[in-house]
């Protein structure tokens, strides 16, 4: 017990659990998930059932996701939080099968989107990724013009018509709250934009293929506070049309924008509940210790 | 006026200032600094008088610091905050003349440490940098062993004695709260350490030359929350022996650890006061807008 | 070889002629080609160096029309491959012993024995043969060179040159330059490299009192010479034949001598016969 | 079915590209096999031992198909090693100093003037190097050291040094540039002078890159033929000092390959030399990998 | 206080060393720069001093034909090696799994690039001339030179692909692009500037190459500029004709030629070659800067 | 326009508090009616429905805490939220006192609805109602000057309190037959006085929200006139 | 050991609040003495030194706000701080009421220090003091069970309140000559009752700090027994 002051020590209900280290807790018998009340869960978009994921290499095998079961509500923002290496990004990537790209990555269990098994053999992965767009930690605009960045996806998926593309570009940029800032320089390279603009461009690019789900892996962790706030404001709008899943290291960010929050620890889903409950009164002692910054 | 809700609009005393944009405010007549009460200012370590700094190149000249006057208290933590590009890092670098390395960087005004003009022609820059150690945003351990990283500075400054070096390494690592974690692998490469450990190593390395001042440029912005908290705890200890100046983007961090805080905007020092006043009740409207995240 | 010409003689031929081989013969072949082409603009003549071995092999393989060689085909090819080749002894070349000017001023003549001693590195200083007090610097050609083979055979009486004491030079051009620039240097080149300005860059040495000139070659006094061969696979035809004919024609012989090559037909028959007999003997 | 079409294209792309990847192996193999086929004759057809080829200095192969000569190539091998070693010794300090100059001392000048200059150095045909070496350097050496001739190991080494200097310089400069800015800042921040920063931090960090440059430079020096042939003197004897003429592998190949009877002992022995060059190349590659592998492991 | 004095003494020592070494660096760098300058100046002055306009002519007496051959040969070599090199580079960077095969391909590419050009020349002679039963020809020379360029282009391409941030590819795949689409539509265009540089460097290598051409491209040239029949051996554009390049010509006139102005011609050709190299180097820089600006959007 | 969302949430908080203020104002008005008419039915109703205000307070407190968790408020934002948190307590107390008053009326009835002290109490409560409404206005407008005036107004209430206590005591002294009811009157006027204090507190917190300074501008409890 | 500093600061906050609690407890004890002895000197002293508690409250509030600004507290941390913020108000009110009681005593003296109601008031105040001390203990120990017990204890105080009011009224009815002083007694017992309420509030906030649930466990102001 490393952290507690005398008040904390006395906090009655958690006392016994706090006595264990995180590792003991995670590996021990206590690997059942605490599920709380979830916002909007009567419309399930994504269903994860008994998901196990292993990273296997010649030398060893890492059990990166352990028996994960969760349902993600439609038109809600779901946040994944947890310490570094706990499997947040891994879990996020399973949702559009970006993990297919990782050699030695093996999966058991099932994931469904709108009830359809996305790991079924006849699943078209490119179409899946169109449905579940992704935004990464580091803004990754392509080294081409702003216009071409947005038009990239639609073109890949067969849209050739110039007028159509123009329209998509405008709509997407507007949806990403970027149109006004860039409408006069669509033909300029996207690399000349500021960090925050680049990240919004990436969001616009993801929107341009008309996804249903937006997966975001720490989309603001490389940005300054003001840009971060702009993107959070944007996400708040996106919730109306999309199901958003976001990985974040920033507890306050999760608290600000997410409807539901999932806490991961060493591959386990420890607690999954609505955000208010998570941050005001988490059930699991490990969750509490993590979100109050007393881990490690 | 972009941000305000009806309550905010009515907030009487600031109304007129809020009407102007940040740029107008920064460039306009209103470039006088608001100085508040400063903690520990009866012992001045660093004095900056009418400092102007220009980055000059063939094409143009940038006035990066504008008529800066401030005194930095001894054995206190002083935080520099402000939006990206406002000149925080530039100002920090002037304190140990790291800006000498930037071609085309020109300075007027004076900076004194313990009353001694550090820009005097006979100033020994290497000794100055020994007195004012620096820690950077991204941990930058040398690609050598942990031991050699720490011993680098003392060796540079002429310490050859092995026993002496051993002692310095141990003391510095202990001071940086790293000794217990690495004492068994001093000969291992420093690159194998975690990000947070690397940053503490860099702090230990800076301490090894027995500086009087520690300059830190966003030392935790690349770290996860737990590592950040560890380093903040460490800084709290350092205050006892060193004068610390830290640049940070994280308002809460400044609030947590700094005794005094300076707010920069477009090269101006807008407000400089003790941290409590800064974050509870800043005087300048621009400061308020910045720290409450309503800029831009 | 791509061949599209008909007829013989001058004027009407067209087609291609491709040759390769001896580097010593190349300048002549090129010069002749230029003159030949002036008359037969529809013929394309391309010539390459590569060495006698290469030339012989390629012509035997059929990849070129003409294989130029400093030595007889039998020396470099198995006898069955050599037997299908037809020899055209287009000219003769004489090898001159040359020395740096500073030696040449004092030493104009060497006996064959002296020459042998020098090239086998027994004699090491010019003063031993009446020259200045300077170490002798041997410059030779590679062992595979036809020039070297001829020189060794007729100037050195078949004695092996001291390779390990000599500087070897890939090419005559460079050898000439080396001799010119190095005091005490001695070596050998074909007379063809000693025409025009080149004559004055080095000094030639007489052997046993005979100067290396074309006259002395024609009349048999100067023994260090050999035929230059142009081999064809089977009898030459068309443009190739026209080209070969042109080289040995009297029309071209003046030009040939200007270039420092000897005209085969000018050699006294006694000399020719004895040389032929010798070659036949050695090739067997 | 747009998707299926895409997948088919995807597969086709992969197959084509893989084919060309394998094509690279094929070429290298073809060259290797061809050299082995030509070069191993010395040992198989003409019955010489590898030891003789490598360690004997008696070089007198017969220029015919019966053999019976000797194929000791030690002189050539030693000549190659010596000239390359010396060239490296000459070029290396200059290269590293120049690399440091163009990255640390005057990066702007380095980028604007030095880098293009080095590129031009690389682009100059080796024949030109050889010719200039012969016309300028040889007389120069002769005069300065009061020699009878200027040909020799030193001359060849200098020409080679000038030839490999730009490669080592550019690769080293790249390696030095690759050392993160933060490393330098850290050193300066501790009060180190520029020189201390360079030799205590920058150069050690760039070590593996510089080694790579050295080895690539060496490989180029080993393979260089025409320029060396013009200035080394090509005397088939071990050099007694750095001014003595000697010869090397590439010079021998360039000089005699054309004249030697195809398939004869002499010719085959020359091919064996070519094979040896290939093997030496492979050895260098192996070394580079070893160094880089180690450097990576260090991280 | 003793400590302080010590520190000051140490600092004085290291500053002296610093100043000294800075001097050394300036000296060495200056020396090599002067050397290059002298080298280039020597060649240019030597080359143009005795030059006559006739030397540029497209006849036997000029080097025009050789110049043309050089450019044509390099063009052909690039035509062959660029696509292959790029494809092989893509394979290495994008498809090769981290296994023995990939390692092997990589070693092969590197071995190829460090192979002495004379060995390449001999190989070319055997395979492109003897085994095809053809004669010296430009195309064989181009093939030999392309063998030299191939590893260069392959590695530049692979390096360029690897240097692209992983995020580009992830971004593209996450939009539902296939791997191949990502390569052709995004990664390859993004690599163009760097590949360009590689190609131009390879071209520079082609210009100066002689040893590999000795036995492949042939050492004579015979062009009839009024003949445009591609099949004709004197047609300039027929790649299956022998074609002496500038570098080869320098080699030949230095070694074998008995022509009286051989040296001048060689000097002149050398000068032209150096100019070519300069020109290409300049071109590469300009092009690169332009493409870079376009890509990073720094162009106003 | 960053923090749009936060600004919306802050506005929402203000609005909810204002709504709660309106509800409380209504209860004060009703309480005045009760005191005027002695309507025990209405009194019972008010006393019984205090829970709804408690619930509002609870919800708004949660909102404040959520904003702190999620928005990391600083400076004026934090003062707004912290001030709101404090104001909520005082508001709740206002409603509480109304309920208490009504409860007493409901239990015991009013001694004499036309008595002088009672009419004075009603007048005082009207004054307090004005103070409270004013404080809520000030909360919206963040007008520091008016807030200060409101704090001053409490002096009058305190003075009235003293006066009324005297009146009641005098009336008891004259006629001690309805001591229990008169004691109720004493408690009621005490409650009313406290209500004035709470209104003052609200105004003080508004001043804190704007200026960052929190001073007791009218120390409660000066019950001695 | 991350958040060492934060934990220290939290501990410091707890300690300061505990100190403030001790100071208030002292005042309650003194107030009891005043009620027992009618010592007007002591009463004046207590009434006059209320500022020091106000100052403590102010400082501790600032500390809480600073912690919110700097530490971004979440979950239990935030509950600790928010709870402390609320508890501070109640604590300050405890001290206030003491001051008010003493002020009255100082101004008017005690009617009859041996009277039955007064001794009952003292007994009630002692109970309230127990509740308060208990609440402060519970704040330290975070013992939810005990906190609940304390909330229950307020019922007794309410009962006593009703009883004492009856006693006072009876006494007035019997002898209305000291109406003013008796009215003071009424106010005093009202204050004491409120002090019980505030102690209850503190305990409730402690429960909130631990469990995150804030329920009115003993609605104050049930003045009707």
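Order as written gives the chain letters A, B, C, D, E, F and G; numbering starts at 1 within each chain.
We take it that a residue touches a chain if its C-beta (ideal position, glycine included) is under 8 Å from a C-beta of that chain, and two chains touch if they have at least 3 such contacts.
None of the values given here were measured: they were computed from a predicted structure.
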item: Chain E and chain B - chains in contact with each; value: A, D
item: Set of chains whose contacts include both chain G and chain B; value: A, F
item: Most distant chain from chain A, judged by the mean position of its C-alpha atoms; value: C
item: Chain pair bearing the highest count of C-beta contacts; value: D-E
item: CA centroid of chain A to CA centroid of chain C, Å; value: 84
item: Whole-Å separation of chain centres (CA-atom averages), chain E against chain F; value: 88
item: Separation of mean Cα positions, chain F and chain A [Å, integer]; value: 47
item: Residues of chain C engaged with two or more neighbouring chains; value: 23, 49-50, 54, 170, 174
item: Shared-contact residues (touching 2 or more other chains) in chain B; value: 126-127, 130, 156-157, 226, 229, 251-252, 255, 279-280, 293, 295-296
item: For chain E, residues that touch 2 or more chains besides their own; value: 11, 14-15, 178, 181, 214-215, 254
item: Chain B-facing residues of chain E, complex; value: 6-11, 13-15
item: Chain E partner contacts - residues on chain C that touch it in the complex; value: 1-2, 16, 18, 20, 23, 26-27, 30, 34, 37, 41, 44-50, 54, 61-64, 170-174, 192-193, 195-198, 259-260
item: Touch list for chain A against partner chain B, complex; value: 83-84, 224-226, 229-230, 249-251, 293, 295-296
item: Interface residues, chain D side, partner chain E - complex; value: 6-7, 9-10, 12-14, 16-18, 20-25, 27-31, 34-35, 38, 93-94, 97-98, 100-102, 104-106, 113-114, 116-117, 119-128, 131-132, 136, 162, 165, 169, 191-196, 198, 216, 219-220, 222-226, 250, 253-254, 257-258, 271, 274, 277-278, 281-282, 284-286, 288-289
item: Touch list for chain A against partner chain E, complex; value: 96, 98, 101, 103, 126-130, 133-134, 136, 138, 140-144, 152-153, 155-157, 188-193, 202, 205-206, 209
